[in-house]
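One chain, chain A, appears in both complexes that follow, with chain B as partner in the first and chain C in the second.
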Partner chain A sequence: MSEHGQRAVREASPGAGQEQARLVSSERFRMVLFGAGVLGFAAVLVWGLGGLPDFGDFAGRYGQYLAHTTVPARHATSAVSVTTFDFRGVDTLVEEFILFTAAVGVVALLRVQRASEEVPAEPESTRRPTARSGALRSLITALVAPTLVLGVDIVLHGHLTPGGGFQGGVILMSALFLVYLGGTHLGLGPLRPMGAMEAAEGVGAAGFALIGLAGLIIAGAYLQNFLPFGAPSHLVSGGAIPLLNIAVGLEVMGALLILAAEFLDQRLLMHRGKL
Partner chain B sequence: MTAVQITALVAVALGGTAVVLAREPPKQALVASVYGFALAVLFLAFQAPDVALSQIVVGAVALPAMIIYALRKIIRRGEVNRGER
Partner chain C sequence: MSFLPYAVAAWLFVIGLYGIVTSRNLVHLVVCLSVVQSSTYVLLLAIGYRSGGTAPIFADVSTTTKVVDPIVATLTLTDVVVEATVVALLLALAVQAHRRFGTLDPNEMGALRG
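Then we have the complex of A and B:
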């Protein structure tokens, strides 16, 4: 207990005043405790940061090894992709299933909720514009194709340049989501968007696991590469890494679009249209 | 340390503070999106383009979007429940 706190309790008059004094003292006590915590945390943080190596001076052996091994051993120029999809591929497989499981869980919860309210996630008519401003609709529509191309580019070049299935998958999701924001829901006519997106998520998640299984059967270990590596810096190189990137891209795109569609169900959009 | 790196560090410090100071959840989600983008610039300035891309898609797009969806859902459910009473 602080000196302030003790004095406050001693000086307080009996009754309601004493109660008030106790509250003030406990508030002061908390501030002192908080102050001590902040100072201690700041001291340890500064001490820790002071011991870090300088920028660009990293001496860890694992990083040096990977930086020198990826191109000769896997013929792929993006060290990060080679590490995530090859050297620690099983880790990435599990990470992919984290997103898959999370998406399935949220969708299951939302669908149970909606079952009692009878509101479809999928639009029945596909011609209702979501955005009301014409200029906004034109701008959004103009952005769809470039975003789609960028997403495909990031996925397909994952083993050559920064990026990959995960980042590209989110960009692909944004492109299709723009259709929904600016045009006519996610209405792609006979394609049945929700069905297609569920299929994309499933195919992507299963694809990763099956490519790993193919490695087990053909090359003798799970996720072991079983394809020719190709020439470094060519589009077709790095063995199975581009295939894994495509699988992750499909999975991420499908999972996020399903989540978006489930959250923004029909009724929310109808409500917004009437405003 | 280059000027770009220092600018990015300052932007991240200001952005993080702004996220804490924004009190309304919908506004906070948008401020968090801008903050996420500042972090991405920081990662790029420190030569980590892969991390920067992931940061853009998660911190600047996916996370704020999920927060906005969830808020919208909660607000809408509240309106429906009030309407039924």
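Then we have the complex of A and C:
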């Protein structure tokens, strides 16, 4: 398909002066349109910003109320995490499913093609190192364990200090991605743990929904806390918030690994026509 | 200088938009879109700031300490997640477009369609 397209461009290029002129004028028109839009936007923006409180003078009571009830009511010290997973828990449930849906969408977009037009660029049995330099590979491999520990730490302490499932999940994903960067390249063979990644994503997304459901059954409302709150500043505190953090951490890690794997696969695929 | 954070947000928005309008490469265009979106993080966090307030984390400060608004931080977190998903989907579409047209230049894609 693309080769055909490139040929079309090449054939068209001899008499391309006219085409070039059309592009330049269309670009100029676009810039004029953009300039007018930006001026209008600037006017509305200055008007709107004029009505905002001065920087540092924000007096929204809701946020202050949440911040100061966090510790007495939930026994967790991170007001951001408590707001995310407790006061605004339903919002976060939907947010998590946005990520889940996007991962599914990317997989759907990129896998359709694989089935029809494309074949692996190399035999599935090939196992060559991902990075050429031995020193680089040793360094990457040495970084895997500390990164993994950092990710777990960020996820587990989400209700106490800055961090949580979303942030920790990204770090966990990078740790596992380092395994790929420092290891051998497995091609598209069956050894790639795609199933495990999908399982992590699914368990994470379902876990959040099920913890919410447990709240409905035990405490009477969806995502209502049903566990003892524990002592403030302890690892086990904040009721269900640490569990929700773990679920989100798994989901984010799985979803991002799937996305990365799908994009990497694109590099390894070739059009059948080019072989 | 109290307007400076808002000015930064506006600047990020406009410069990102300029990048989108003049972009000759779909991947570059997606990165520009993420610059536009980062202006919303700055705007949200700037709105929630309270002079002299610390982060709303009470691990090592008393619960009566003056803190910045935790809700805008939560909204920013949602914003980041949404941005990540939008970028992923758009990059997947860019891959598809490259396959279909053999180029990532939006101008050439328009020329091919005719």
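Operating definition for what follows: the second predicted complex is superposed on the first by the 189 of 275 C-alpha atoms of A that agree within 3 Å, B and C clash if a C-alpha of one lies under 4 Å from a C-alpha of the other, contacts with A are read in each partner's own complex, and residues count from 1 in each chain.
Here is the rule we go by: contacts are C-beta pairs under 8 Å (C-beta built on N, C-alpha and C of every residue); 3 or more make two chains touch, one makes a residue touch a chain.
The model shown is predicted, which means the values in this text are computed figures rather than measured ones.
Visitor: Considering only touches as defined above, state whether A:54 meets chain B (first), chain C (second), both or neither.
Guide: second
Visitor: Looking at A:103, would you say it contacts chain B, chain C, both, or neither? Reply first, second, both or neither.
Guide: Only chain C is touched by A:103; chain B is not.
Visitor: Check the residue A:141 against both partner chains and state whether it touches chain B (first), chain C (second), both, or neither.
Guide: neither
Visitor: More residues of chain A are touched by which chain, chain B or chain C?
Guide: C
Visitor: Pick one for A:80: touches chain B only (first), chain C only (second), both, or neither.
Guide: Both chain B and chain C are touched by A:80.
Visitor: Contact-wise, after the overlay, does A:88 reach chain B, chain C, both or neither (first, second, both, neither)?
Guide: After superposing on A, A:88 lies in contact with chain C but is clear of chain B.
Visitor: Is A:71 in contact with chain B, with chain C, with both, or with neither (first, second, both, neither)?
Guide: second
Visitor: Contact-wise, after the overlay, does A:162 reach chain B, chain C, both or neither (first, second, both, neither)?
Guide: A:162 sits against chain B and chain C alike.
Visitor: Check the residue A:263 against both partner chains and state whether it touches chain B (first), chain C (second), both, or neither.
Guide: Once the two structures are laid over each other on A, A:263 reaches both partners.
Visitor: Would you sort A:41 into first (chain B), second (chain C), both or neither based on which partner it touches?
Guide: Only chain C is touched by A:41; chain B is not.
Visitor: Under the contact definition given at the top, report the residues of chain A touching chain B in one complex and chain C in the other.
Guide: 55, 78, 80, 110, 117, 162, 166, 256, 259, 263, 271
Visitor: For the complex, give me every residue of chain A touching chain C.
Guide: Where chain A meets chain C, its residues are 1-3, 5-6, 8-9, 12, 19, 23, 26-27, 30-31, 34, 38, 41-42, 45, 49, 52-58, 60, 62-64, 66-68, 70-72, 77-80, 82-84, 88, 91-92, 95, 98-99, 101-103, 105-106, 109-110, 113, 117, 160-162, 166, 233, 256, 259, 262-263, 266, 271.
Visitor: So in the complex, which bits of chain C are touching chain A?
Guide: Where chain C meets chain A, its residues are 2-6, 10, 13-14, 17-18, 21-22, 46-52, 55-59, 63-64, 67, 69-74, 77-78, 80-82, 84-86, 88-89, 91-93, 95-96, 98-103, 107-108, 111-112.
Visitor: Would you tell me which residues of chain A are touching chain B in their complex?
Guide: 55, 78, 80-81, 110, 117, 154, 162-164, 166-167, 170-171, 174, 256, 259-260, 263-264, 267-268, 271
Visitor: Considering only the defined contacts, which chain B positions touch chain A in the complex?
Guide: Listed in rising order, the residues of chain B that touch chain A are 1, 46, 49-50, 52-54, 56-58, 61-62, 65-66, 69-70, 72-73, 76, 80.
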